[in-house]
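Each chain carries a letter (A, B, C and D) given by its place in the written order, and its residues are counted from 1.
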Amino acid sequence: MKLYEFQGKRLFAKYQIPVPKGELAENIEQALHIASYSKTPFVVKAQVLTGGRGKAGGVKLVRSREEASNILSSIFGMDIKGYKVNKVLIEEGLEIEREIYLSFLMNRNSEKITLITSGEGGMEIETVAKENPEAILKIDIDPLVGIKSYHYTNVFEHLKIYDKDLKNQFKAILNNMYRMVTELYLNLVEINPLVITKSNKIIALDSKVIVDDNGVGFIKDFDSFKNYDDLTPEEITAKANGLSFVKLDGNIGCIVNGAGLAMATMDMIKYFGGDPANFLDVGGSSNPEKVINAVKIIKRDENVKVILFNIFGGITRCDDIASGIKEALKVLDIKLPLIIRLTGTNEKEGVQILNDLGLETTTSMQDAVKKAVSLIGE
Amino acid sequence: MSILLNKNTRVIVQGITGRDGSFHTKMMKSYGTKIVGGVTPGKGNETVEGIPVYNTISELKKDHGVDASVIFVPPKFSVDAIWEAVEENIKLIIVITEGVPVNDMLKIKNYIKGKDITLIGPNCPGLITPEEAKVGIMPGNIFKKGNVGVISRSGTLTYEVVYSLTNAGFGQSTVVGIGGDPIIGSRFIDLLKLFKDDDETEAMVLIGEIGGSDEAIATEYIKKEFNKPVVTFIAGKTAPKGKRMGHAGAIVSGQEETAQAKIKFLKDNNIPVAELPQEIPDILKKII
Amino acid sequence: MKLYEFQGKRLFAKYQIPVPKGELAENIEQALHIASYSKTPFVVKAQVLTGGRGKAGGVKLVRSREEASNILSSIFGMDIKGYKVNKVLIEEGLEIEREIYLSFLMNRNSEKITLITSGEGGMEIETVAKENPEAILKIDIDPLVGIKSYHYTNVFEHLKIYDKDLKNQFKAILNNMYRMVTELYLNLVEINPLVITKSNKIIALDSKVIVDDNGVGFIKDFDSFKNYDDLTPEEITAKANGLSFVKLDGNIGCIVNGAGLAMATMDMIKYFGGDPANFLDVGGSSNPEKVINAVKIIKRDENVKVILFNIFGGITRCDDIASGIKEALKVLDIKLPLIIRLTGTNEKEGVQILNDLGLETTTSMQDAVKKAVSLIGE
Amino acid sequence: MSILLNKNTRVIVQGITGRDGSFHTKMMKSYGTKIVGGVTPGKGNETVEGIPVYNTISELKKDHGVDASVIFVPPKFSVDAIWEAVEENIKLIIVITEGVPVNDMLKIKNYIKGKDITLIGPNCPGLITPEEAKVGIMPGNIFKKGNVGVISRSGTLTYEVVYSLTNAGFGQSTVVGIGGDPIIGSRFIDLLKLFKDDDETEAMVLIGEIGGSDEAIATEYIKKEFNKPVVTFIAGKTAPKGKRMGHAGAIVSGQEETAQAKIKFLKDNNIPVAELPQEIPDILKKII
């Protein structure tokens, strides 16, 4: 789960990581009110769950009260990479001496918690990695050991921070970010830029926080933070119904049991010249309700011209899936052709149910996929 | 031979009294797996499918020797269940549970490094040595004893591949589902090392997918040290970047994590990659 | 460093481990005042840094106010195994249902933190270990893993605790004791007995806390707790001067560099028929002041008839020790014979200094020890 | 041969700019130890005895290969210094510092179990392979190259014994002071395993003392697996129970921790125990 900048900063404040003074506005009236008493210059920052808002004009400096109204109206409602802006953060302006990149990451390759820092703050770390890799310091921290003084020392040497007061501020930030990562089940906490102001204060100017989906439920802090704003309505419905769903641009709707098989199904559609409309994993359960919900979600997509079921029964029982299809046909108005591949546990019973409805089935994945593709071709 | 598991392996089930735990205990037992006991705190003295239940592994070990544990405990309690198995020094631990926090897995993974413990999963279907024993949730009937080892990051896709193998006459030595999470107990390379020394295994099938670098690490290892024929399949060529495809670990975070990049790296190192899962037996026939 | 019961209980309270209501009295007037308003029955407990005070009459139940004065006067000033009672803890009386033994220990043999519990609370654990070993449950906890739910389960099964409310209270206590051990650098925290009252509350009736001497300085909690009440005045002086000193009953005072060599010296004295008066390690430093302080401490013991120096120069330089002896002879009125063994670093220079004072030296430990023993014999 | 240390071992000094660190750097260097660098945070770019100082081991490793580190850092900073050496994967770490909290040592000790790291100390004089290299604070001049291995829980008592050995013509292969703390990186048994495989070592001297069970564990090991003659000495026969005799670990907490009990156990297992330190060479002469 991605958090908004303002949510990340609320967590920072809780973990004693300094952030600029700021307020959230959830509509333009609120924003204008906050602007009316905020000391200029201040900064207006669109709150969207994607990067690149700066380039898109979603971050603006307001130099005088007079400018505020125009700037705020330009930002509210703006579309940034498909995300509509309906929240802004209004923050004090800071006099910046230096910008630093700092993050902690659950690193699946090294299997450690990786601290990443660079003197080139404000730039995307991937860009720095390409253009100036030696500007980046990566330190793998073993979660059994934790963050230690020599890690700090390496960071300070890399960033050439020698001032004692700055070191102490920085140590506290490193330590608190590390605590955040481990206590809040974060996959990533990134501050870019972390700024040193002209008055020698270190402040987190931005926040990017990604919470481990497996950890979200364990942490009270996130109860008020849960949002699906980075998901499409279909993805939200799917999630709520225990389905994994990702929308694609094609026209063959897929309902598959198992994520690997679902990907392989999409790939095979493409291989035979077709275009998958989605990734959808109904999971290992045999609840017919899941099939109905899966069909519902796929039907919403007007591009879809055919629905392909690819079921390899293991834990999932073929007869349960067949019953689900039967129910769906009853409850929903399905005009699309259904191509059904059924094999594995209780295959015979499942096939019988479908044949009784006049539906054909196959045991071959390849046959089913080819047939779906050929139907589109017609 | 085979790796890790055979009909003499003494297996316990953590979370045996739960819905999934009890169902699969029945299935494993009927497949021939030697299940010696189960663990559910507070349910000691009960039985499931005739198998005695204990409150802790420590209690269980007073009555039974244990070689492996399979964990069906729900996410909230799964972390302690894994730690319990680790601290009780069980040599083979298979975690079926989906939803174990990455954070905790990271600690556990670092803890068992250098210890004589093999952890499989979490979020995996388990492993099976056909016609001997299975530990997990795989449908036993599609497997057949033979000489092909299989390692897979997926569940049903594994069944699809194994089904093709069996139909084409290729039995399996051991099939391991390593799980779809970003941090898993055993990666391709860890198990390849075991298959390398297994006399019964004559060829390998690896089923990979988008996300992470495990396939690349395995490629390097195969090139340098693995001396048996290998066929691979990589799922997710049509997966969009940045989207999680069901498995927590199936997400493309960088160019080298795409299916295309992995396939290219494999081919560049002369490891055959099947275009379709069903092609795997054909390729095997050619290279064995 | 051993803590008093009342100090341990203050830490318990801080760590949310329930203790009886109680107050400390540091003299009899205070104690009588507390007794005057305390609800009877209450308990008076002598505060001494040794076990066995119960048998010695240092713990008494006061059933009525009238008894208080007599009982308090009997306890104050009491001698328990050489410790004089000058503090008492006055605590509420509890209705006890059950007594349990519970401790956490830094275990040098298993190299783990060991949880020990037994249903036979109130008895010394060593006694239970001998008489009824199966009553004891020991669980080794890896500090990298910490205390987990299965540890609790094993404890509850062993103690046959099935009541949910009791389990929750007990879990909190286990968890908090474990935190104490790790956060406060404890070698031992023991509650014996931990009682379950008739109203189903779990309360720590006693406390035994031993802090790692190496950790004491790192923990603010102990600033007010530091005490040397379990040391003799000589041992306190030695400690303050950076010397390791333990008093024994013999008459040959020993000044040695290094703890192992000091023990070997004592052993050799015994072997040749003598009796060492002390263990004394001047340590690796070459500060002449240390020699003077060492001689001072040994001189206080009237049993001492001869002072034996056994110095193997390594880091310690023989000439520094010799200068120390020279100083000591100047500053202190030393009538006792000095037997000096000097060898190793700067041996020649050291011997010269002492010869110039008319003192003989030897390079052989055995010769020196034999000579010291023979001097006593005369 | 010898164990752990020879003249080619590349050693670094953590805490090199301190009083003890700089003094012993000079002594070690002049003995012949190959000191490649030192570490003191904030003193990078200085030099001590001509040896370059770095802020962290990570920086140092960019310029030098490292085989061993000796730690002279004061107690307050020693724990992080040990972790740093461990995390930088230095294979041999010698901690001279006295006053490391037991708590932290317990964590470190459990962490390095199963890893290819040898930790010596804390609160120890270090180790020496005579006429090759020394790492620690031992006075080099009393040692002589030879075939007797020595492991000791004590400092000066070791010198006493080595002095007798050298005078009697028994040179030493390697002498290790394992330290006087209750939790130490290497116990007798850990080093005996190394000496067992060392061709140069023909006999062993173990110097034990009161407290703990390391001597008993070593006795069991010697009886079962150690195939070279061993002579022992146990200090503290006259030590009273419950009193700490200088070393944090030299305290009798139970009957089996007394010198008498340890001596009896050794003798019952036919391992000779010297009554006096100076007797050790005589016994060696008889049993070699």
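Methods note: a contact is a pair of C-beta atoms (placed from the backbone, for glycine too) under 8 Å apart; a residue touches a chain by one contact, two chains touch by 3 or more.
Computed from a prediction, not measured in an experiment: that's the story for all the values here.
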Most distant chain from chain C by Cα centroid: A
Contact-richer chain pair [A-B vs A-D]: A-B
Euclidean distance of C-alpha centroids - chain A vs chain B, Å: 27
Length of the line joining the C-alpha centres of chain A and chain C, rounded to whole Å: 57
Distance from the mean Cα position of chain C to that of chain B, given in whole angstrom: 53
Where chain B touches two or more other chains at once, by residue number: 111
Numbers and ranges of chain A residues touching at least 2 other chains: 142, 144
Chain-level touch network, classified as line, ring, star, complete or other: other
Every chain pair meeting the contact rule: A-B, A-D, B-C, B-D, C-D
Sites on chain B touched by chain C in the complex: 41-42, 44, 55-59, 77, 80, 83-84, 86-87, 111
Interfacial residue positions of chain C with respect to chain D in the complex: 106, 108-109, 111-113, 126, 142-144, 181-182, 185-187, 212-215, 217-218, 244, 246, 248, 256-264, 266-271, 276, 279, 281, 284, 312-316, 343-345, 365-366
Chain D partner contacts - residues on chain A that touch it in the complex: 142, 144-145, 148-150, 153-154, 157
Of chain B, residues touching chain A in the complex: 75-76, 99-103, 106-107, 109-111, 125, 137-139, 142, 152-160, 163, 180, 182-183, 207, 209-210, 212-213, 233, 235-240, 243-250, 254, 259, 275-278
Chain D-facing residues of chain B, complex: 113-115
